[in-house]
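So that you can tell them apart, the chains are marked A, B and C in the order they are listed, and the count of residues begins at 1 in each.
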Amino acid sequence: MIGQYVADGVVTGATLALGAIGLTLTYNILRFANFAHGELLTFGAYFALLFAGAFAGAQTFGTLSFGAGFVLATAGAALATALVALALDRFLFRPLRKSEIAVTLVIASFGASLMLRNVVVFVWGPEPEYYSRAISIASEIVPGVRLTSDELFVVALTAVLMLALHLFLARTRLGKAMRAVSDDPALALVAGIDVQRVIRATWIIGGALAAIAGVLFGLTVQVLPDMGATLILSMFAAAILGGVGSIYGAVLGGLLIGVAQSTSVAWIGPAYKPGVAFVLMLLALMFFPRGLLGEKR
Amino acid sequence: MSTAALEVRELVAGYTPEVDILKGIALEVAEGEIVTVLGPNGAGKSTLIKAIAGLVAVRSGAVRLFGDEIAGVEPHRMVRRGLAYVPQTRNVFARLSVEENLEMGAIARRDSAAVAHDLERVYALFPRLAERREQSAGTLSGGERQMVAVGRALMAGPRVLMLDEPSAALSPHLTNLVFAKVREVRTSGVTILMVEQNATAALAISDRGYVLADGRERISGEARELLANPEVGALYLGVRRGLAA
Amino acid sequence: MIDYLVFFAIQATIFAVVCLGLNLQWGYTGLFNIGVAGFFAVGAYAFAILCGPTYASHLGGFGLPYPVGLAGALLAAALIALVAGIPTLRLREDYLAIVTIGFGTVLQLVALNAAWLTGGSQGATGIPRPLADWLAPATGRNLLMLAVTAGTVFAVYAALEAMVRSPWGRVLKAIREDEAAAASLGKNAFAFRLQAFVIGSSIMGLGGALYASFIGFISPQDFLPIVTFQVWAMLIVGGSGNNKGAVLGAVLMWGVWTASGSAAQALLPADLQVKGGAAQIILIGLVLMLTLILRPRGLVGEEAVVSREARVRPATPQAVRAPPAGGAPLA
C-alpha cells in the first residue's frame, strides 16, 4: 500500500517540480517571490484546452490519453504562457522594480494572482474541465503499484525536461549568462551581459515550464481556475526545501513534498494534505534555511 | 595629435541627487599608457571609474573613448566598445567555475576563434588559473580571485582596462605579482587606468598619475615626479585643512 | 434606502477594523501578513462558539454576553498569532509573506474539516446581534449594529493612534526603517515585531467577531484568500502607514466592490453572475495595480510623525536595475 502512495506522490511531485523550477529561477534571478506563478500553470492548462479544441484529432498515442494534436496544443500553450509571463513582467513588475517600496512587487504579484485566476473564471467559467473524457486504465507497474500511462508520461517528461534544462544551463552561452546573473547581477552588467535579455529568458523558461506543469496536472487530475492557487504553496515549499536558486533542489523538493503529502494521507487523512507542504516548508525555514541543495551565498 | 584612449572633461557625478562626489574632473590617458589615480578615502577615485564605466550617473561633462562620447551608455555595452572594468570587491562569479568566469568576459564577442586564442593567453598570463579551470571561483584564494577578475576583463578583448584597487586585500608579494602582470598586459597593447591606495607600488609601474582630493584632480604628472613630490604626501595625510573648497 | 446605507456602513466599518489591524502590522512594522483571512476567521468562530446557541454538531452553546464574545475573539486571534509568530517573525519579509499565506490556508482548512469545532462546511448559524433580545424592529437592530461597529472603529483608531505616537510606536518605526541601528540601541526587534503582530491579528479577530455577529452565520467559504486580497487592496489604496488611510481605503474600496457588484447584478443575466463576481475581483485588482504603479503611497500616504527634514528614504534592496545606482560610495 505504501508503494502506491509513494508512486502517486512521485507523479504529483513531478508536476510540482516543474512548477517549482520556474519559481526558483525567477525568485533567484529577480529576487522576489512571485505569487502569480501558480496562475502561469493555470493559464498553461487552459491555453492547452483552447488549442486542443483547434487541433482536435482522434489519434491517441498507444495507451496515452492524448495524441499529436494535444502535444501541439501543449507546445502552443507553453509559448502563449511564456508571452503572458513576459507581459506580466513588462507591464506590472518592471515598472514596480523602480519603486522605492521594496515589497511592492510581492503585493503586486499576490494581486495579479487573484486577478489572473478570475480572468480565467470570467472567460471560461468556474467548472472543472478535462482534456479527455476517456477513462484511463491503470496498470500494475510493480507489485502493489498501479499507474496510468499518462502518469508515467508525466514522470518521464519531467525527467527529460530537467535534463534538458541542466544541459542548457551548463553548456550554452545563455544558460551560463543566466547563472552569472543569478550569482551577481551587478557584476554581470559590468562583464557585458545584457541582463534585461537574461530576465526575459528567465520569464520565458519559467513560464513555459509552468505551462507544461499545468497541462500535466490537468492531464492527471483536472483543469480548474484555482488549480495554480492550490499548488502555489506547495511549489514555494518545494523551492525553499530544495534551496532557492537550485534547479535540482526544486526537483528534489517537489518530489519530497509530493511523496510526503501522498503518504500523509495514510495517517492524517486527505483533508489536511496541503498543510503537509506548509509544515515541511516551515521546518526548512526554521532549521535549514538554505535548503537541501542550496549553495552558500 | 592622436586621439586619447580615454578622455574625461569637467565630469560631475554622484550617487544621490543632492550630492556630487565628482566636481568637474579632467583626465586623459593616451593609448598604451598606464595611468594611476590616487587620493585619500572620499576623494572620489572609485566613483570616477564607476562613472566612466556607466555605473554611476554622469550629471555633466564628457567621457570619451577613442574620441567617441560614452557618457550615458549602458554599462553592459561598454565592453563592446572596448572598455573593460574590474571592480574592487565582488568581482568574480562565485558559483561559476574559473573557466566559466572567463567565458563570461567574452559573452559579447562573436569571434569564437579569437576568443579561444584569448583564453589561452589568459591562462599563459595566469598559469595558476589553468590548473584550476573547473574549480568554483568562490573557493579560490584572494589573489587567485583577483587573477580571475582581471582575466575576465581581458577576455573581452578590451582596448582600455580599468582596475579598481587591484592590490586591495593582497599581501605585498601578491601585490607585486599583480602589478607585474598589469605591465605584461600593457605590452600587448592595452591601455590601463588604475585606481590605487598603494601609491608607491602603483606609481612604480605607471607612466603618469593623478591625485584626487574632494572630487577634483589636484596634482598630475609623470609617475616619477609624483613619487618625489612632497605635496602628494600632504594630500594623503592632511587633505581638508587649508585647501580651498 | 436607509437600510442599504446602514448595511453598507456596517460592512465598511467591519473592514475598516480589519484594515487597521493590518496597518499596524504592515504600515507601522513592515510585517507582511497575507494570512489576514485566517485571523479574521479565528475571531469569527471564537465569537460563534462563545455567544452562539447550542449546536447539535459542534462546540458552542455557552451563550456568553456580547462583550465577552468580542473579548474572546480578540484573545483567540492573539493566541493563534502568538503561536504562529514565534517561529516565523525572524524570517525575511518575503518568506514571512509565504508563511502567512500558509497560515491562512491551514486555518481555513481547519475551519473546513474540524467539524467538532467549527461545524465544518456547514458552518455556524444563529450567531447573535448585540442586545438581540431587546430590539425587535430590523432598522433599530441594524442601527445598533452600526453603532457597535463604528464605535469599534473609533476605539481601535484611537488606541492605535495613541500607541504609534508613544515611545513603543517610535521604536517600532525605528525597527522598520533600520533594524540594525535599533538593535544597537538595545531594542529587541523580535519582541516588538511579535507584539505588533499579535495586536494587529487580535484586531483582525475582533473584526471577524463583528462580522459573525452581523451576518448571523459563517462558513469556511467566508474566509477565502479573497478577503485577504480585499483588505490589502483597501490598505494600499487608502495609504499604508496611516490609520486614516486604512479607514478611508476600507470605505472607498468597499464602495467600489458593492457598486460593481450591483452593476454586475443589474446588467448580467443570472447564468453569468459568477462571471460578474470574477469581474469584480479583476476590477479591484486593477485599482490596486494602478495605485501601486502610479501612487504607491496611497491616497492619504504615510504621515510624517517625524519632521520632514529628518526623514531618510529607506534603501531599496532591489538588486536588478540597469544601471545600478545608489551603491555605497567608496573613494
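By definition in this document, a residue touches a chain if its C-beta (ideal position, glycine included) is under 8 Å from a C-beta of that chain, and two chains touch if they have at least 3 such contacts.
What you see is a predicted model, and the numbers here were worked out from it, not measured in a lab.
K.L.:
What is the identifier of the chain with the smallest separation between its Cα mean and the overall Cα mean?
P.N.:
A
K.L.:
Farthest chain from subunit B, going by mean C-alpha coordinates, please.
P.N.:
Computed centres place C farthest from subunit B.
K.L.:
Just the number, please: Cα centre separation of subunit A and subunit C in whole Å.
P.N.:
Measuring from centre to centre gives 30 Å for this pair.
K.L.:
List the centre-to-centre spacing of subunit B and subunit C in whole Å, with centres computed as mean CA coordinates.
P.N.:
A distance of 53 Å separates the two centres.
K.L.:
Compute the distance, rounded to whole Å, between the mean C-alpha positions of subunit A and subunit B.
P.N.:
43
K.L.:
For subunit B, what residues touch not just one other chain but two or more?
P.N.:
In subunit B, the residues touching two or more other chains are 55, 74-76.
K.L.:
Of all the residues in subunit A, which ones touch at least 2 other chains?
P.N.:
Those would be 186, 189, 195.
K.L.:
Check each residue of subunit C and list the ones that touch at least two other chains.
P.N.:
Within subunit C, residues 322-324 contact more than one other chain.
K.L.:
Considering only the defined contacts, which subunit C positions touch subunit A in the complex?
P.N.:
Residues 30, 32, 34, 87-88, 91, 93-95, 97-99, 101-102, 105-106, 109, 112-113, 225-226, 229, 232-233, 236, 274-275, 277-279, 281-282, 285-286, 288-289, 292-293, 296, 313-314, 316-324.
K.L.:
Subunit B touches which residues of subunit A in the complex?
P.N.:
Residue list for subunit A touching subunit B: 173, 176-177, 179-180, 182-184, 186-195, 295-296.
K.L.:
Show me the residue ranges of subunit B that touch subunit A in the complex, using the header's touch definition.
P.N.:
Those in contact with subunit A are residues 53, 55, 74-80, 85, 87, 90-96, 100, 103-105, 107-108, 138, 152, 156.
K.L.:
Using the touch definition from the top, list the residues of subunit A that touch subunit C in their complex.
P.N.:
Residues 29-33, 35, 92, 95-104, 106-108, 110-112, 114-115, 118-119, 121-122, 125-126, 181, 185-186, 189, 195-196, 199, 229, 232-233, 236, 240, 271-272, 274-275, 278, 281-282, 285-286 of subunit A touch subunit C in their complex.
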